[in-house]
Structures are given as structure tokens and as C-alpha cells.
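In what follows, structures are represented as C-alpha cells.
Each of the two complexes below includes chain A, the first together with chain B, the second together with chain C.
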Partner chain A sequence: MIENRPFLNILAHLVLIFGVALVALPVWVAFVASTHTATDFSSGTIPMWPGPHLVENYSRMLDAGVSTSGTPPVGQMMVNSLIMALAIAIGKIIISILSAFAIVYFRFPLRNLAFWCIFVTLMLPVEVRIVPTFKVVADLGLLNSYAGLSIPLIASATATFLFRQVFLTMPDELVEAARIDGAGPMKFFRDILLPLSRTNIAALFVILFIYGWNQYLWPLLVTTDSGYYTIVAGIKRMADAVDGLPQWHLVMATAVMAMLPPVLVVVLMQKLFVKGLVETEK
Partner chain B sequence: MASITLDNVGKVYPGGTRAIGDVNMDIADGEFIVLVGPSGCGKSTLLRMVAGLESITDGTVKIGDRVVNEVEPADRDIAMVFQNYALYPHMTVRQNLEYGLKNRRTPRDEIARRVEEAAGILQIGQYLDRKPRALSGGQRQRVAMGRAIVREPAAFLFDEPLSNLDAKLRVTMRLEIKDLQRRLRTTSLYVTHDQLEAMTLADRLVVLNMGRVEQIGTPLEVYRKPASTFVAGFIGSPAMNLISSRAVPHLPGSAHAGLLGIRPEDLVVDPAGAIELKITAVEELGAQRLVHGLVGGEDFTVTMPSDAALGDSLTLSVPAQALHRFDKESGLRLD
Partner chain C sequence: MKRTIFRNQLLPWLLLAPQLAITFIFFLWPAAQAVWQSFLREDAFGINSTFVWFENYRRLWGSAEYLNSMKVTLIFAVSVTVLSMGVALLMAVAVDRMLRSTRIYTTLLVWPYAVAPAVAGILWWFIFNPTVGIMPYVLGQMGIRWNHISNPDQAMTLVVIASAWKQISYNFLFFVAGLQAIPASLREAAAIDGAGPIKRFFTITFPLLSPTTFFLLVVNIVYSMFETFAVIDSTTEGGPAQATNIMVYKVYFDGFIGQNMGSSGAQSVILMLIVIALTVIQFRYVEKKVEY
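Let's turn to the complex of A and B:
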């Protein structure tokens, strides 16, 4: 549609500005809150401009954390979250690209059944199977470990399905040319399939990293040792302050810091991400 | 370099559909063989069976002296050029050419020598560091051929390599392929549905229909003595007229009560002729015109010089040696 009417332009901008404000305002309030002292926020009026305590609040959270809530310093929780998010994202990509490779390029007995078994797990996210999964993880002695945090979240039907679709669009002649060129299955996978799915892998990595970083329920369940707290679950624990007001300024400082890594990943991988979603030429 | 021998080769798909039945063929070393037929006749399947991309259910395929039925495509010492080129999109032209040789652990200086040589032959030297997407269709086609040449294989297999090019480029590339094959003297098997391409390229033609060989012969043999009505209708443009002898009762030789084949270009205007054509349509081609009409109620086409005067009808005759006779039931050539 190509139309050029000033009124429509203005309207479109108004709608967009309204949308941005709607999304950005809470983030702004969180940032503002993280630059004040605790009392400023309990006084009844919410300040709308940053206060003078930015450095003080942030350095306190990074160094010491909030002792009353039993959470470790933010730095350590960020590292835990980072390890979990990376393990989930990379693990999911490796497992799903290999299973998609098997399903698309190999004829083995019960191939379709295998595919549908993977597909059905779409209907069984962690939240649904949380009790049996917890039992399995506990029996394996994986509570309070990075393995326990990430492995149960790695199996992924969505990513397998996505790679299956990507592989199905690869022309058959490419496989045949590779066979004539003397490339065995794994060589074909490494030399041709992987480089050609590069952008899809990047796009998936962005989505999965954020998915892993934002995990909340599962880390809350399997970590009781504060050394393994992740940041998203940690925020919840801080806000649950026993005997006293939650230290909102510190909670907000933590929240703002928790936001940064996913934002960074999106910004850095934006180009590849968009390419991976829209590129069709093979 | 090697000969290729197909011995009672057949293919039945798991569902029971027969794709190829009983093909026998001896391809001499250095020969250019074209497999031609309408779509679905099994010509590509047959080529892919020689390449090793399709399994062979009956008979044997020999490349040189070796039966290759169970040999992996990479070990058959063949190179294939695909219709859509099948270049690796993420590799440069040079990497595309090198890939097969690297997998074979060819020494590095040998790879470099062969790539240079192929690039020289095909004049793609200046594109070696480009990606395929930055090349035009004709250039991609050359790279695809280059990938076959650097292998220095026993045989080239071409699967409709020119179908994705525009008409003008197709003619140029056709000449280049022919010239290339003449210089390299590599046994070649070429699949096409275009009878013009088949006629111009082939040392010998193999006309396929419904998975069976209708005729094998040099282009001229096939043109002059088509073995069946199918070949008669398929080779030659415009197609040969096939009419029952009842439609032309006065034509000498029409007494055998079968099918008569007459090429549109063999007919001459002759007031004393035995063929009476009622004109229904005229197509102007510039150098000549195609006159369509009815002879004894059956469709018939004649080519005429473009300056010939045309009325409502034409009286034509045909030299006896240009008359083809076919059996009505089997469609096979009589004589």
C-alpha cells in the first residue's frame, strides 16, 4: 500500500509513540526507582526523575546484595543466569539441529513416529510436567547444580521443528551434488548444512537465550543453595522480604541490571536475527 | 574415460510402479549420448541410476569394466551437472570447484592446477572469488560444468542443464557444451526434453517413452527412419503428419491399410498430387509458413515458403522415399 496523506502519517506516529510510551514507561519508572533511596518510594508519591543515589544503589547490589533476603550479590546471580541461559540456548540448538538432520535426511524405521514424539512434547512444557521432572532431577542428585538448572529445559520440539522446515527448503540437488562430490553425511552436515543455516541458528539463539534468561519457575524450584540463584528468581526472593518493607530501590536496580544482557544479545545479533527470519534464498 | 554399458536395466519403485523397463545400451568411450523423451518418460531416472542417486532394481550398469550397481556416487568416477546448477551458495566459485577434490584428498597443487585449467577452458577466471548468487544464469551454468571438469571423470552426466536459461543463451551454451565435449573427449550422457537440443548435441540419440527405449540411433537415422509412430511424432519440428492410409486413397503405397507418416517439409505442391489439403489455419514464421488443414478429415500440416500463394486448398504430392509406413496396432515401422 502506497499512500501519502499527512493526516495518516501523523496518526500512525501517534499510535506508535503511544505504544512506545506504554512499553517504556514501566522501564523508566524502574530505572528512576533504582536511583533513589528506599524512603523516597514509600512516601506516597512516585518520583519521575532520577535521584542522586544511582552509583550507591548499584554498587551495593553488585558488591553485597541484600543480606536480609538471603540472595548473593547481583554479580554472582548474573553469572549463574548467564551459564544457565547459554547452556539452554546452545544445548537446545545442538540437540534440535541434530535431530532435525536425522529426521529430514535419513530413512530409518519409525522415522515418522520419532518426529511425532518430538512434536507432541510441544504440548508438555516444563510447567505441565513440573512435578515428575522435579522428581527425576532430584533423584539424579542434580538439585542445586548448573546441570539441574539447564538440562530439563534443553529438549525442544520448537527448535527441532524450525530446523526441519529449514532443511526441507534446501534443494535436493544440493544433497546429491555433495554425494557426488564425495561428502559423507556428517561432512555434508558440517560443510553445507551448518553454514547455510547460520542465520537461522543466530535467530534461534537470540530467542532461546532470552527464553533461558527469563526462566523463573524452574530455577526457583531446584535451587535452594544461594550460590546457584539466578537473577530472575533472585529478584522474586528480594521482593519477598520478611519482616519489613521490600527494598524497592534495590529490587529495581537488580531488575534493570537483569534486563541488560538480553538487550545486549538482541542489539548485537539484530542483523543476523532479522536475516534469519526473512531470508529465503538458498 | 570409459565406456558405459547398461544391461537389462530396470527400476521398480517400492509401491510397484515401474519407472524403467529393460534398457540395453552400449555407450562407447568418448561418445555423446542424449536421452530424450517427454516429461515422465524416465529419462532423468535412468541418468540418476547411472549416477548412483537412484537404486537399480534390475540388470547391471557398468562404467568401464566395473559393475557399479552398489557403488556410491562419489566412487563411480562420474560428474554430474544439475538443472538448477546445485552450486553451494555459501562457497565462492573457487571453493565450489575445489570441494569435490578436497574430499578426495587431491594434493593442493594438483587442485590449483585443475581449477586454473577449468577456469581457463570455461572463461570463469575472473569470477573465482565470487559467490554463486553474484553470477548470472549462464555463468552459474559454467561453474557447474567447471565443477564437473575439475573432477576429470570417466563420464559427464547432464540433467537438463540448459532448461533454466533463456532461449538465446541456451543456443550459445549448447554450442559450448558440444565444443567442450569434443575437446575433452569425455563420455557424456545428456538428458533433455528438447528435441532440437537432442538433435544438435548427440552422437547418438536414445528416444525414451514410458520408461522404455523406443529407438537408439544417430540424429539423422532417427529423423529419417523413425522406428515407431512415437519417435516419428517426437523428433522433428513441426511434427510428422500421421494419417491413416484411408485418408489418402490415391497415394501410391497407401494400400497397406496402416498409418502413413509424412514430414511437413517433404511435401511439394503438385496439381497432379494425391493429397488434397483443406486449409484451416496458417502460421507465419518469417522464413516459412505452417499451413494447417484437413486431409480426408484428419489433421495435417505442411511447411510452405512464405511467398507462396494460398487459396482454400492445396494439392500436394510426396516422393515415395519420404513416405513412412507404420503398423496401426503396434505403431512400429514397417520396412
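Let's turn to the complex of A and C:
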């Protein structure tokens, strides 16, 4: 602090409290809505304080869901989301750490070309090439499968770059020592590189888990069998279906459950999350 | 560059194989398909297609709908970027004054990053719902009639708020990091010379923050152009009357729902060129040119 200005300090606190409230407002409204019954909405405006139907609404959605909307119980959609998020996060980490190892620790013909092939994936977000990618997945028979949900999203230049950066900062003496001791490349990778990259892997995992859990367009397209619906994509189907007879309390209960796992990850692992966010943007 | 390396020739290819395979099958091949599609025109039944050179691009250029989509994308991207960066900068400057409470405020401000864009869209859609939402009620008290289902400007306002809300936390974290990187001695020197807090902000803090600001500018434009698909789809679906039909949404809509492959392919190619340009700017310009 440069100088003591009490007025500015109070103003800063006020700005921050206002900001926190603004950021929390939609979630508070959703939470409150999810604790009421459908009839509470018909009176006009919704209440601002939680009602008594919290357990009832949430357990109903977890076990049964809204049968008329064609979506499965929320519990099942959450399991699907979890499988997809874990597959994407772990898959991305494995393939990108292997390719970064190959690019940094080996010299081989066409090494630069391989690097550029990975680099251009940065420039091809799934939204842009959506129609042909869907066709490829359909031709491979991967629609309505966990493989179809996760594999097309697994290739990632950012994760490869991150590991490349990490490996480049590791001292050369490590490789020399390993080679003098007679360790081959894979032994070096397993016993030295992997343990040294542990925190980077953890930080990246946090970011990628959130990325995977929050996927929307891709699951919406490749799943037509409700057994594979993910929760983020399922909400939209639910909101569409209840348009005729608004069941907002149930939709909002689902929305709260959809954001709970990733939000918990961010709040509980804030340090790793910030580290991951800053590193992947380098 | 590593001085010491391993000499195997086959092993690196085996290590690269999974990533290269996925890249080719799900990235490069579909992208090539999109480029090829953009030069074809299918007949009404989708059986025969003829090579039409740049006809699809020419038609896009003459299409009022596509030009409108470009305009909508521009307004949308600029609004989201300015709104989310402005709010985030205000919060970051306020947090920068704090000593003990930095952590708690940071925790309370960063979690929206974890909320899926689709969920953010649904939440704001509910808040602004003309029949049961709280905002139309509050606005109604002030004499403003809110109905984003029929009013194009209000629909745009809604998607901008929902998209910007989700991005505040990201910008906030980077602004805080940027502010902490500015040496305190500079601001102290200015304070000794008699510059007040506002003058210090505009003559010292803000200029020194420019690398962060520029970086976030590019990131936010990319975000609002490509990652807000879910916000649009879960709320307005491009309507009313094309008012929120951003380019990414139009590619999807023309390709999947309209089944117009040639036009959708051409739009994909245009978007790819935009992403390539933004990526080049991010890597070339952000890293080197903005310095102090």
C-alpha cells in the first residue's frame, strides 16, 4: 500500500462486494428456484429465498428425471459427464506428454513437420469444422459411444506445448546422468520426467477436467441415444421440452447439479487451477 | 534445444503416433473436407454435386443474411470483450489495494470459470424470462418492457451479459497477475511526486498493464467468436429475426439444420482463416511487440 486513504479502501471493498454479488446472482436465483414447486412460479415472480422442497426436487431429478422430456435421470447423465470428462482429461495428458517427449528428446527426420501438424490443431476449433468431423465420426460408427464422445476432442496442441515447455527447462545433466547409468529413453521418461512433471500434470488435469465436463455442442450432436446424454447437453433438451409446461424448478435443480462438480474442483484446487490456467496460455 | 538426446529412430514415431493419428482423423481430414465442400454445389436431392469454384463464397458475399451475421458477430464480440474486461479490470484494481482479503475475494470471483457456457446461458435465460424472471419484473417497475423473445436488441443484450459473465473470472485472474507484476517502486515514486490515485492509474498502472490487456483482448475475441456457441444455442438460437445469429452458429445451422453443405463449408473456411489470423497475432504480436 502506497498511502493510507480510508475512503478508497472502503470504495474498493464496496466494488468487490458488488462484484461478488453480481457474479453470484444467477446461481443464487437458480438455487432458490430449485427449492420451490412449479406452482410457486405461476403467481408471477419467483421468490428470493429458498423454499422447503430442496431434497424432494433434487432426489427426484437424480433418480427419475423428467420423463416427458426424454432425458434420463440426472444421476445417469452425471455419470456420463464424468466418464467423458475423465477420458478427455486423461487421454489428452497421455498423448500430449508422449508426443512432447518425442519432440524434445529425439532428433528424427520430419520432426518439424510433426510439430506443425500438432500446432495447426490450435487453429481448428471443433465449432468450425463441425459438419465434416461429425461425418467422420458417423462413418467410423462412433455415434452414441463413449469413444465418440471423447476421442475427437483429445488431440490438443496446448497440452503438448505445455509439456514441451516443461521439458525444455529440465537440465540436460539429467539425461546425461541417466544415459551414463545405462537407462534407456522409456526408463528415463518413467523414472525421471514423469515424477518431475507431477505438479504440471495435476494443474493441467484441473483445467482439462473442466473443459471436458463443460463440452456442449459435441455431445449434443453425437448422442441420440438418451443413455449417453451428458448433463450439460441434457439441460438444453430438458429446457426445450418443458417449454410448454414450465418446470423451471426441475431445470434449475439440474443446472445446479451440472455446475457443482467443476465449481468444486476450482474452489478446492484453486492453486492448481490458477497454475494450470496461466501455464496453458503461455 | 536439448544438447543431449536419445538416438532411437523408431521410438519417437511410436510416441507421436496416437496424437498424430487423432490429429489426422479428426482435425486435418475434416478441415480438408470443409475446404473441398466449399467448392462444391449439391443438387436439391443431395445426390450429385458439381465443382463450382468460388460460387459459394460469391453467394455468401451477396447474401444479406451472411453480411448481417458478420455485423452481429462484430457487435457481439466487441460488447462481450469490453464488458467482461472492463468489469474484470475494476475488480482487479480493487483487489490490488487489499492486503489480507485478496484470497477470499479471488476465490469468490473466479468460480464462474467452471460454469459451462450452456449452463450460464440457461441461468441468464431464466433470470430474464419474461413471465417468471426477476429482471423483467425489476425493469417493469422502472417502466421498461422486457421481452427478449421478440425484441432483437434485448436478445443481444441477454447473450452479451451471459457470455461476459462467464469470462469475468478469467480476465480478473490475468489482470491481478499483471498488476502484481508492476513494481511498487514506480507507483511510490509517482505518489511522492504528488500524483493522486487516479492520475497514477492512468499514467503508470494502465500503460504498464498493456501487455496483459492486449493478450486478453485477443483471447476474449476468440472466446466470444467461437466458444459462445453454447450460450447462443441454449438461449436465443440465433433469433429473433437473425439478431443473435453469430457466424459460428450459422455454420452449424446451415450445415446441420439447413443441410446446405457447400455454403456451410465456405463459412467454415472463412472462420478458419479468422482463427488463423488471430492465432498468428497472439503468437507473434503479443509475445514480442507490446513491451515497455
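We take it that the second predicted complex is superposed on the first by the 256 of 282 C-alpha atoms of A that agree within 3 Å, B and C clash if a C-alpha of one lies under 4 Å from a C-alpha of the other, contacts with A are read in each partner's own complex, and residues count from 1 in each chain.
Just so it is clear, a residue touches a chain if its C-beta (ideal position, glycine included) is under 8 Å from a C-beta of that chain, and two chains touch if they have at least 3 such contacts.
Not measured: the values here are computed from a predicted model.
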Chain B and chain C placed together on chain A: clash or fit? fit
Contacts for A:Glu176 in the overlay, against chain B (first) and chain C (second): which applies, first, second, both or neither? both
Checklist entry - A:Ala147 contacts which: chain B (first), chain C (second), both, neither? => result neither
Of the two partners chain B and chain C, more of chain A gets touched by chain C
Once both structures are overlaid, the C-alpha centre of chain A sees chain B and chain C separated by an angle, to the nearest 10 degrees, of 90
So in the superposed three-chain picture, is A:Asp191 touching just chain B, just chain C, both, or none of them (first/second/both/neither)? first
*Is A:Val131 contacted by the first partner chain B, the second partner chain C, both or neither?*
second
Q. Taking the superposition as given, does A:Ile10 touch the first partner, chain B, the second, chain C, both, or neither?
A. neither
Touched partner set for A:Ala258, first chain B, second chain C, both or neither = second
Once the structures are superposed on A, label A:Val266 by its partner contacts, choosing first (chain B), second (chain C), both or neither. second
Rounded to whole Å, the nearest C-alpha atoms of chain B and chain C in the superposition sit apart by 6
The intersection of the chain A residues contacting chain B with those contacting chain C is 176, 179, 281
As the complex stands, chain A meets chain C at residues 1-3, 5, 8-9, 11-13, 15-16, 19-20, 22-27, 29-30, 33, 41, 44-46, 48, 94-96, 98-99, 101-108, 111, 114, 117-118, 120-125, 127-137, 140, 151-152, 154-155, 160, 168, 172, 175-176, 179, 184-186, 188, 210, 213-214, 216-217, 220-221, 232-233, 235-236, 239, 246, 248, 251-252, 255, 258-259, 262-263, 265-267, 270, 273-274, 277-278, 281
Chain C residues touching chain A in their complex are 2-6, 8-9, 11-13, 15-16, 18-20, 22-31, 33-34, 37, 87, 90-91, 93-95, 97-99, 101, 105-120, 122-127, 129, 131-134, 137, 165, 168-170, 173-174, 177, 184, 187-188, 191, 197, 215, 219, 226-227, 229-230, 233-234, 248, 251-252, 255-256, 261, 264-265, 268, 271-272, 275-276, 279
Chain A residues touching chain B in their complex are 171, 173-174, 176-183, 187, 191-192, 195-196, 198, 281-282
Listed in rising order, chain B residues that touch chain A in their complex are 51-53, 72-75, 78-80, 82-90, 99-100, 103-104, 133, 147
